[in-house]
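What follows is a set of structures to go through.
Okay, so chain A shows up in both of these, paired with chain B first and chain C after.
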Partner chain A sequence: MARIEAARAGLGRLDALARRDSPASRLDPRTKVLATFAFVAVVASFGRLDLLRLAPLALYPLALAALGDVPARPLLVRLALASPFALGVAAFEPILDRAPAMALGSVVVSGGALALLTVLAKFLLSLSGALLLVSTTPFDEVCVALGRLGLPRALVSQLLLTYRYLFVLAEEAGRLVRAHALRSPERPRPSAGEGARLVGNLLVRSIGRAERIHAAMRCRGFEGTFPVRRSTSPGAGDLAFVAATVLLLVCARRWDLPALAGRALFGVFG
Partner chain B sequence: MSDALISPAVGGTLWAATAGLTAAAARGVERSGDDSRIPLMGVLGSFVFAAQMVNFAIPGTGSSGHLAGGLLLAILLGPHAAFLVMASVLAVQALFFADGGLLALGCNAFNLGVLSSYVAYPLVWRPIAGPSPGRGRLVVASVAAGIVGLELGALGVVLETTASGISSLPFASFAGAMLSIHLAIGLVEGLATAGVVLVLWRARPELAGGPGRANGSGLRTVVVAVAVAAAVIGGALSLVASDRPDGLEWTVARIAGVESPAAPEGGLHAALARLQGRTAVLPDYDLPRGDAAAGRKGGSAATSLSGLLGAAVVLALALAIGSGLRALRRRNGGS
Partner chain C sequence: MSHHIVAVEDLRYLYPDGTPALDGVTFSIHHGEAVGLVGANGAGKSTLLLQLAGVLLPTSGQARVGDLPVTAKTLPHVRRALGLVFQDPDDQLFMPTVEDDVAFGPSNLGLAPEEIEKHVVAALERVGAAHLRKRPPHRLSGGEKRGVAIAAVLAMSPDVLVMDEPSSNLDPAARRLLIAQLRAFEHTRIVATHDLDLVLDVCGRTIVLAQGKVAADGPTAEVLTDDALLARCRLERPLRLQGCPRCGEGEQVRDVRAT
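Right after this comes the complex of A and B.
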């Protein structure tokens, strides 16, 4: 629970960040959504030992964070809270693959160690790409952009409502758990049966809430879909951002920039 | 499932499959014409997050667990709406909680949404539970569907990881570990789901009929969905088959590679790299195997070293551009 509680506490901060005015927040949300997907796909396209070739891609999150004036700390905190499943799987690599893959003077790096570091680098890059999208774009604008890019309307409403009530219900669940812990201080964690009753209780309250929300929506003229605000259109800034992103992704994918830089600068070693 | 473990081919395939199912599910929900379901689905999406905060003790293990929610949503909402809710929950998780990632979202929606909504619920839960289940039937149906859903999901993770070729875990031992862990998780999920449903039906007996029947989610759509699911799983399997000419041979090669670094792995590896097209591993990194590692260390060491220094320079450049942009912004904002 601590993990989700901490993540939820940071969610408000991310939302506040996204609502400030900055060059990155003024970009068309569709531009940012598409750039994020392209970036994540290019990061994933590198092979399991391509650690060094990922280096140029760090420019994307660094530049977007700079343009959006996003401080590093909240992002790093959220990366630290991220699910470590990928790293857990990659942790076996150094045991499974001991073939030397890289030699630095007399130090030989095994394929497994290199693969583990590559997974770690991909993990940090692709997750920071996603986090930067939502810390430079308010989530309702992300949803509208997804709708304009062809996401079904039912799913767009679903995303908007899930995000909207996330804060409310998470607080309600927090209260239930805290109240249980106060009532039974010697055994603060509920047993399985008590847990099912707590969650069941939360479910009954949530359904009641949904019924009240529906009544309120009907009062305001809701007839099945949310009206979509069409305020943004791509401008010169978007063109520059797209051009820079495409240039970076294509160059990083097409050429081995670190090797070229290394050869140009330190060719004497070779 | 995580972005760092999958290849664009696997991520893209699963994205395409789930995108098709999402469109079908959205049409199904919109066609039902009941606009009270929209706020209900939204609130239940948030409820899944909130329910995951309630950690309870798992008897006899000393560890704790929480509800994942896929099966519960299918029981409450029917397959189409449950899948849409699960997809949106996973999207919010990928974006705000850095769980999984965007490329892996297709895989996650498939493993946790499609398999519970369109396989475990209609093919396991409904036949066992029947039209108006009592306490016993509900528990049995939920446990069976919970186990089937999570085992299939775990199998999906293993297949997707293996097909991507990022991890070198042997398929058999990875699958063995994942399936046995998820057997226990599925059991807990089923019991917790049944417990929560019982609380709800006691408090709101009018909801006990379940909406799955009310909105007439026909058998036909379910059959089509399962066929699509099977096609996608088959596709993932054939990806494994084409990348790794023989799963067993590949595993053996891997294990042999662990025992002696000089094993002739280069040929197979190079073939894989060619198959992956432009994602090929740099030949320089393949060099220091076998004789190269023992003998001609000098040349390859120098290339590696200059590559590392080059990467450091590129990274420093990226950092410099980032902080330059930041400084520029500060100055413009301040003036």
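Right after this comes the complex of A and C.
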């Protein structure tokens, strides 16, 4: 139960964070959604051993975090919690590929190790891009932006309703598990069988709730379209943000910026 | 427009399993009346409200709202005239923010954006919730949710306001505020509730349901002091009409509890 409560509280904090006023939150949600997609696509486009070329892309999350005044700690905690997945994906790389691929001074890095680090870096960059999107834009704004960008309306409605009732469902699940724990003091954690029954119970309750929500919607004239009014339009800030993002992504994709920087440095000092 | 704004004639409704929920209910309500609908658990109050809003349709008999019978064909008109506030505001506040939710009804009525905005502002101000308009529903207190749920229905400018247990789960201050608001509305009001003190404050007329039938229908002051009737219907006098246990006039309390 503590975990359900904690998850709900975490979601609530993220939601509160996204609803604060900041230069990043004032950007048109569509701008941020498109920038996030472009950023993730560019990050994913790099090759298996392109670790160093990914480095300049860290500017994007750093700048967005600064513009959004997003505290580092919760962001880092979420990244750390999710990183084992990335490690799992590439765990066998260092064993399978031991050929030396790069030398950092006297340290020789094998191809496998480099691939592992590249996967991790890509994962952390993409995830921080996505997390910063939802830390600077309330989720409903993200959904509406997706709708305005062409996502089918039915899907947008589904996303909006899912997000709205995630909180209600989490509370309900928390109550069920608490009720179980209070009457099972010796073994407060439900066993697999009991857990299955609790989930079943939650499902039945959700169906009942869904019926009531549908009735409430029909009582207020619902005929199939889910009207969410948003009339934001991109401003000068959006233009600057898009220009900077495009510049960064294009340059990072087109040129090997760390190598150029290295050569420039050696040019100066050497 | 007919003289009666809500009329129910010999309404019967069987649950899908065949159990009768409403068994020949008949009454009519005039413009501007405030009617309390009371009865024990399972007496049929909520089912009756769902019939009025056309969420359920009768097995036989009919309900009329304004000039129209409540049937599948007339639902859009009926729902424009009659607004139902659900018992659990979480069932009713399904939109991402308060303003979206209050705008939901007017948007479905096909109003222009400026008109929708006017309705939203007016409805939220009516329930003192103008400051909540940007908030998501999951960040509201129970009392705030209830207020917004009422605003969401008021925004459709219904002639009849129907509420299911509006005072449940409210703290005393929020309940008092709700009562003041309900008294101020000029709409025809139908309030299904166990809160008999609220009925005493808001409703001039009370209909008592028992086992799907109308057990009594009359002025609230008379119905809610008829101890024999109340006991038969698993009800008791509003607390305010019971004797005071501290100053010795507590007979009434004991009498009712003994039955």
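Side notes on the structure shown:
Going forward, the second predicted complex is superposed on the first by the 257 of 270 C-alpha atoms of A that agree within 3 Å, B and C clash if a C-alpha of one lies under 4 Å from a C-alpha of the other, contacts with A are read in each partner's own complex, and residues count from 1 in each chain.
The rule is simple: a residue touches a chain if its C-beta (ideal position, glycine included) is under 8 Å from a C-beta of that chain, and two chains touch if they have at least 3 such contacts.
This structure is a prediction, so every number in the text was calculated from the model and none was measured.
Touch criterion met: A:Arg209 reaches chain B and chain C at once. Once the two complexes are overlaid on the shared chain, A:Ala130 sits against chain B while remaining clear of chain C. Applying the stated contact rule after C-alpha superposition, one finds that A:Val43 touches chain B and leaves chain C untouched. After overlaying the two complexes on the shared chain, residue contacts for A:Leu160 are found with chain B and with chain C alike. The partner that reaches more residues of chain A, of the two candidates chain B and chain C, is B. In the superposition on chain A, A:Ser184 makes contact with neither chain B nor chain C.
Contact with both chain B and chain C is seen for A:Met217 once the two complexes are overlaid on the shared chain. By the touch criterion defined above, A:Val168 lies against chain B and chain C together after alignment on the C-alpha atoms of chain A. Applying the stated contact rule after C-alpha superposition, one finds that A:Pro138 touches chain C and leaves chain B untouched. In the superposition on chain A, A:Phe92 makes contact with chain B only, not with chain C. When both complexes are aligned on chain A by C-alpha atoms, chain A residues 139, 160-161, 163-165, 168, 209, 213, 217-218, 222-223 touch chain B in the first and chain C in the second. Across the complex, chain C meets chain A through its residues 50, 53, 55, 75-76, 79-80, 83-84, 86, 88, 90-92, 94-97, 100, 103-105, 107-109, 113, 116, 134, 136-139, 152-153, 156. Those residues of chain B lying in contact with chain A across their complex are 1-8, 11-12, 22-23, 25-27, 29-30, 33, 35-36, 38-47, 49-59, 64, 66-67, 84-85, 87-89, 91-92, 94-103, 161, 165-170, 174, 188, 191-192, 194-200, 203-204, 207, 254, 257-258, 261, 263, 265, 273, 276, 278-282, 284-286, 288-289, 293, 297, 299-315, 317-319, 321-326, 329, 333.
Those residues of chain A whose C-beta lies close enough to touch chain C in the complex are 12, 15-16, 19, 138-140, 143, 160-161, 163-165, 167-168, 209, 212-213, 215-223, 227-229, 231.
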